[in-house]
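In what follows, subunit A forms one complex with subunit B and a second complex with subunit C.
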Partner chain A sequence: MNPLTSSAIYFTLFSGTLITLFSSHWLLIWVGLEMSLLAIIPILMSKPNPRSIEAASKYFLIQATASMILMMAAIINFYNTGQWSISNTINQLSSLMLTLALSMKMGLAPFHLWVPEVTQGIPLMSGLILLTWQKIAPISIMYQIAPSINYNLIMFMALMSILLGGWGGLNQTQLRKILAYSSIAHMGWMMAIISFNPSLSILNLLIYMMLTINMFMLLYYNKKTSTLALSNSWNKSPLLTSIILMVLMSLGGLPPLTGFFPKWMIIKELVSNNNIILPTLMAIMALLNLYFYMRLIYSTSLTLFPSSNNTKIKWLFENTKITPLISAIAIASTMSLPLTPILSTLY
Partner chain B sequence: MLKIILPTILLAPTMWYSKKSLMWVNTSIHSFIISLIVLLSLYHAEDSNLIFSPTFFSDPLSTPLLILTAWLLPLMIMASQNHLKKESLVRKKLYILMLISLQLFLIMTFSASELILFYILFEATLIPTLIIITRWGNQTERLNAGLYFLFYTLIGSLPLLVVLVYIQTSTGSLNFITSLYQSNILPLTWTNNMLWLACMMAFMVKMPLYGLHLWLPKAHVEAPIAGSMVLAAILLKLGGYGMMRITTLLHPITSTMSYPFILLSLWGMIMTSSVCLRQTDLKSLIAYSSVSHMALVIVAIMIQTPWSFMGATALMVAHGLTSSMLFCLANTNYERIHSRTMILARGLQSILPLMTTWWVLASLTNLALPPSINLIGELFIIVSTFSWSNVTIVLMGLNMLITALYSLYMLISTQRGKFTYHLININPTHTRENTLMMLHIFPLILLSINPKIILGQLY
Partner chain C sequence: MNLFSSLILMSLIILLFPIFLSFTNFYNSHTFPNYVKTSIMCALTFCTLPSLMFINYNYELVISNWHWMTIQTMNFTMSFKLDYFSLMFMPVALFVTWSIMEFSMWYMHSDPYINRFFKYLLMFLITMMILVTSNNLFQLFIGWEGVGIMSFLLIGWWYGRTDANTAALQAILYNRIGDIGFVLTMAWFMFNSNSWELQQLFMTETSLLPLMGLLLAATGKSAQFGLHPWLPSAMEGPTPVSALLHSSTMVVAGIFLLVRFYPLLENNETAKTLALCLGAITTLFTAICALTQNDIKKIVAFSTSSQLGLMMVTIGINQPHLAFLHICTHAFFKAMLFMCSGSIIHNLNDEQDIRKMGGLFKALPFTSSSLMVGSLALTGTPFLTGFYSKDLIIEAANTSNTNAWALMITLLATSLTAVYSTRIIFFALMGQPRFSSLTSINENNPQLMNSIKRLLFGSIFAGFLLSYNIPPMNTPLLTMPFYLKTTALFVTIAGFIIAMELNQLTLNLKLNYYSHSTKFSTLLGYFPITMHRLPPKMNLLISQKLATTLLDQIWMEKTVPKLVAITQSSASTLTSNHKGLIKLYFLSFLVSTTLALAMVIYFPV
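On to the complex of A and B.
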């Protein structure tokens, strides 16, 4: 893409999300969401082939519908309360519509079916932006309206997301779909805590973003998009297999890695609010997620898959892909658990 | 505690930056030195524990297990030298790195005073063990074994996390030292029964309890020697140690809730011993014998009398050393004939007589011959279960009989009789292997002279 065009597009994407984050007027929030939607469409289609065009159109349709429902909710709120500024007390109908619209935007069950297909059809780096950056705006809106969200609805959607995110990923071998289902499950964890302590959702989002950025960069390093391709990486970049092991275990929430920290804090927050069966169920359903990460780890790091060459290792070419700070983020995403006392002051 | 933890952490750079010729030497010698430092924590003043900091403490229950852990690392390193001979240097170093990190987590687990720190490190021991079993095991079944191991333990322990957080939010602190001064009596409601179950199931899976023991034969058999050693000797004891710690918080529900588990353990102890009599796979036999001994420990912890706790602690330490030694002996067989089948290597007494000595000593301690500490453990447990209910003496007696039967069966079928003809070109016993066996049996025999150090805090 022409550098001028692509810089305009990325700038629009960036500022769209920022407009949503900074504004207090409902229409401007909608404007920000639409800006980021329109700007991401060319990014999704950066390698034009029928699959990515289909993915981009699916994404556009779902997100546009969600934005329209959000606009309707804002107008109903104005009709009932007479003000356009976002506040945390909105009436029930608007809050219901907003919850549905924002869960469509984020890919929360039962509106999660678009996430795997869209993520699969687009290149790796666009998938990264889709799964990490695009979640910031809807979650920030949820953060602001958190006290008015219908508790039963959001808990049901969170639980369904964790279950369907874990269950749906079990049959996948394509890595982008695996990461999409992982995103659905993590969104479930974030939404489970939003009624109790919204700052913890943001913390979970940040840690999830760090882990996903790490995962995508590791996959982008050698352009691996399927499990079979990943299982050859012991041959091409053996160090990467160990890092993939650590990052995937962290994503699965195993102590003593960083990914355990948000789950632990969410369980702590839920239990302090006398909600005991739900975190137990959520924690056990997160094991489904761990199962397919384990399968990836088995084929990548813990076994030596049959490879296509006779020598033990292939020729190591110099890396030409942009993978900034891969080692720093890898360390941050696996070894930050001892920083728990500091991180818990963040919420 | 830092004088033990910091050297263990720094074992990793010592090993990683050593020259190829000195790597095994450096690691073995330095881990021996660390195990000597741990012995210093044995001295407990009257009526008080060693409280190193708000985070770490060691009392007469955790001290023997700490010493066992520290003692086992050099033994594991010595035992792994042969099967790692052909690997590249980086892979050898990765393997030892897994052992060192496992050691670190285990030392911190046994000395943690906060129960959530204990939980995090308890789960953390899973990752290096999983990597050792799955990456360096020898058969294709190791993949399944690793998954069973990981998921059985995790499903049991996630409710434990929730309950620990609940106890922390409702009582304010999970620090074990201060909780001894609280006298919270849990009322007998069905929710508290659920709480008891959630606390205990993690450790029941780890011990393992008879119905949940499916992961153990798989994991023990498929693991390489260091993995089998650490699994049998220490990781099973994590379950027992955790149970002993957490039952202090769960009074008086244990007296009503423990019946099904005592039942399962008593029955399971006999079942798994009987299964040992029909095993063809040597490591599988030793794995099932571990289940049987640990079932005794579960019964002892569940009936909660002073004698039974003393017996449980003693049996845990004794079984750790014995089982680890048996796995090392089975490994010496495996390295020579590359098969675990017992009948393929018979009559070894004619060929390797010194090894027979070690086989005899290991089998005799396994069947709890007096005056070894295995006998002291089992005897205390038998006496206390007899006082709990007179009928159990029948089951315990039957178990001791069957244990003797399979230990002697294992001994006789590997050592006695005419040797098989294809054994003519096996290597003689390495000095390293003899040293390994002696280092296992020597503490076991010495402890029978002064067993009060392993009798735990109720002595």
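On to the complex of A and C.
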């Protein structure tokens, strides 16, 4: 793409999210969301083939609907309270509509159906932006209206997200869809804690973003998009194969790695609030996530996938992809668990 | 000092002499059967005198002979209770047995083990006498089990035949189920009183439980519905066995037990209602089954079963003495029916299928006339034997405050009695012969003729003699409307007429194929087919599954691991099977929104 247009598009995307983060007027929040929506559409279609265009149009439809519902909620709030500024207390109907709209934007169950579809149709880097950057704005709005969200509803949606994210990912071999379902499950974990301790949601979001960025970059390095392709990466980039192992295990939430930290905190917070059954179920369902990560690890790093002998002998060429900070992020996403005390005081 | 006790004991001991003699060389001679028959005749004469003493002077006796042992508070003695029931039943049973013994001297003439046959019949008779005259439950149980065992040995007389062996086993098994009830009653009485003597038991306040036990015992022994299939299968035995055991004597033991315990039964309404309903179901069901049978002995067996149901109905309407009277009169004509069937069977060279008989009226005149008299007595023709008991029963049922449904069914079964009796007469006696013409048919043997003659006299006169000589035990029912009095007669006549019409249809050349509803009757209500296979198979299967696969395969393997795996994989395929149509996604979003709205309205924070 023309560097001028792409810089304009990326700038619009960036500033759209920032406008949503910084504003206290409902209308401007909506403006920011729309800006990021419109800006990301060409990013999604950066490789113009029918599948990408289909994905982009699906994304647009869903997000536009969500934005409209959000607008409606803001207007109802204005009608009832007479003010546009975002505050903690909003009436029930607005709160409900906001919850639904933001769940649609985030990809929280039962509004999760678009996430795997769209993620599968777009190139890897676009998928990265979709699954990480686009989550910041809705979660920040949720953070701000957290006290008035209907507790039962959000808990139910969170639990369902974790369930559906786990079950959906079991049946996939395409890596983008696996990461999409993992995103749904992580959104569930984030929304589970939002009524009790919204800061933990943000923390979870940050760590999730770090892990997902890492994952996408590792996949982007050799353009692996399916399990089969990933399974002969031991030959092409053996070091990256082992890093994929660590990052996937961290994403699944195994203890000595960073990904354990948000889950641990969330469970602790829920149990402190006398909520025992829900975190038990959530933890058990997270095992499903871990299972399909382990399946990936099994076929890529732990075992040699069956292949003909010709594929086993390769020249290792130098890779020309730009993968900024891949090693730094990899270290941060696997070895940050000892930093837990300082991270929990940050928020 | 009169001879009452001596005569009775002598009568019983005379029956034992042939058993003792069977250990000697006399057992191998060919006059042993005659000796047995003669000893029964002597026993009959000896016990008629005490019966006459009872009829005249109301002289009852309890003979308590021998004290066997005492266990804590229970005395086990050998005691004989000679009251109304036993003193009336003994002569009848001995008379009928005498005739049957003489008949079987002709019937089993060519059997090489005829001496053993007579010994078995005699042992049966002895145990039946023990049952009838016992004064305590223990002795009754000895007689009870004794008749069961002898029934087994006699049904399986021709043990080379598989069907005979299975029928014998079937009889034992069904009787055993009934014995559970008997032992239950014995145990209850052991807990709640200190003896098993009948005099003491009748003073006990009983709950429903021992009476249920007695009812179960009667169901088993007297082939009531639920434990009835052994009676038609028992026709595998020789005809004298069917005549003695399975028509007159053994199968009435269950009813006799209930009649003995009538002081306990008459206070318990539930027991009587149960007996009434059970008897009504039995009588109708077996009458229906008798309608389409083709074996002459099976028809008579089902007729027996139907009459046993009628006896149970009589007990249910609180008329034990009428039931007992029916036992006595029924013995005569039923034994005679079996003997006539035996005569027909042997004369046609062992042909038992009525479809292959016919035209015997001219060939066997005496047999056919006694068959007809027996059938008329069975259906309750006025002033023959059956009338004096059966008509009284129907009258009593009509005028009592009883279950109207049970009454209806009993009346229906009464008319069906006429139907199947007509069927036997029509197919066996009337029309043109359907058997091969080379058999020599004759009635020349005096043993055959005399025995049937005796029972013929009994079938005609015994009802009159018995009912006018027995002491009245309760107020008889004298007044009722005309239509109630003649109900039994009318339904019987209606049955005869309908049956004759239907049977005439078989003379047409064109066969109209009948519907499938006759299969209910032919297959005995599907009861043996289902109940002989399905419950044992289920029991064995469950026990096998419990023993082998429950722990290892199910608990260890399938419950948690496989269940979790299958659940998760099916949930995964269910939830991630998307079509990709955005229309469907929006539809689901709409549904979710509506549900969320409902949720927020009904569960507000």
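Methods note: the second predicted complex is superposed on the first by the 339 of 347 C-alpha atoms of A that agree within 3 Å, B and C clash if a C-alpha of one lies under 4 Å from a C-alpha of the other, contacts with A are read in each partner's own complex, and residues count from 1 in each chain.
Note that in this section contacts are C-beta pairs under 8 Å (C-beta built on N, C-alpha and C of every residue); 3 or more make two chains touch, one makes a residue touch a chain.
Everything numeric in this text was worked out from a predicted model, so none of it was measured.
Superimposing the complexes on subunit A yields a three-chain arrangement in which subunit B and subunit C fit side by side. Rounded to the nearest 10, the superposed model shows the Cα centres of subunit B and subunit C diverging by 60 degrees about the centre of subunit A.
By the touch criterion defined above, A:65 lies against subunit C but remains apart from subunit B after alignment on the C-alpha atoms of chain A. When the two complexes are overlaid on their common chain A, residue A:98 makes contact with neither subunit B nor subunit C.
By the touch criterion stated above, A:187 is placed in contact with neither subunit B nor subunit C.
In the superposition on chain A, A:337 contacts subunit B only, with no contact to subunit C. Applying the stated contact rule after C-alpha superposition, one finds that A:256 touches subunit B and leaves subunit C untouched. Closest C-alpha contact of subunit B with subunit C, superposed model: 6 Å. The intersection of subunit A residues touching subunit B with those touching subunit C, taken from the two complexes, is empty. Against subunit A, the residues of subunit C that register as touching in their complex are 568-569, 571-578, 580, 582, 584-586, 588-589, 592-593, 596-597, 599-600, 603-605. Put simply, subunit A touches subunit C in their complex at residues 58, 61-62, 65, 92, 96, 99-100, 104, 110-111, 113-114, 116-117, 150-153, 156, 164, 167-172, 181, 288. Considering their complex, residues 242, 245, 249, 254-256, 260, 264, 267-268, 271-272, 276, 279-280, 283-284, 287, 290-291, 294, 298, 301-303, 337 of subunit A touch subunit B. By the touch criterion stated above, subunit B contacts subunit A in their complex at residues 94, 105, 119-121, 123-124, 126-127, 131, 134-135, 143, 146-147, 150-151, 154-155, 158-159, 161-162, 165-166, 168-169, 198.
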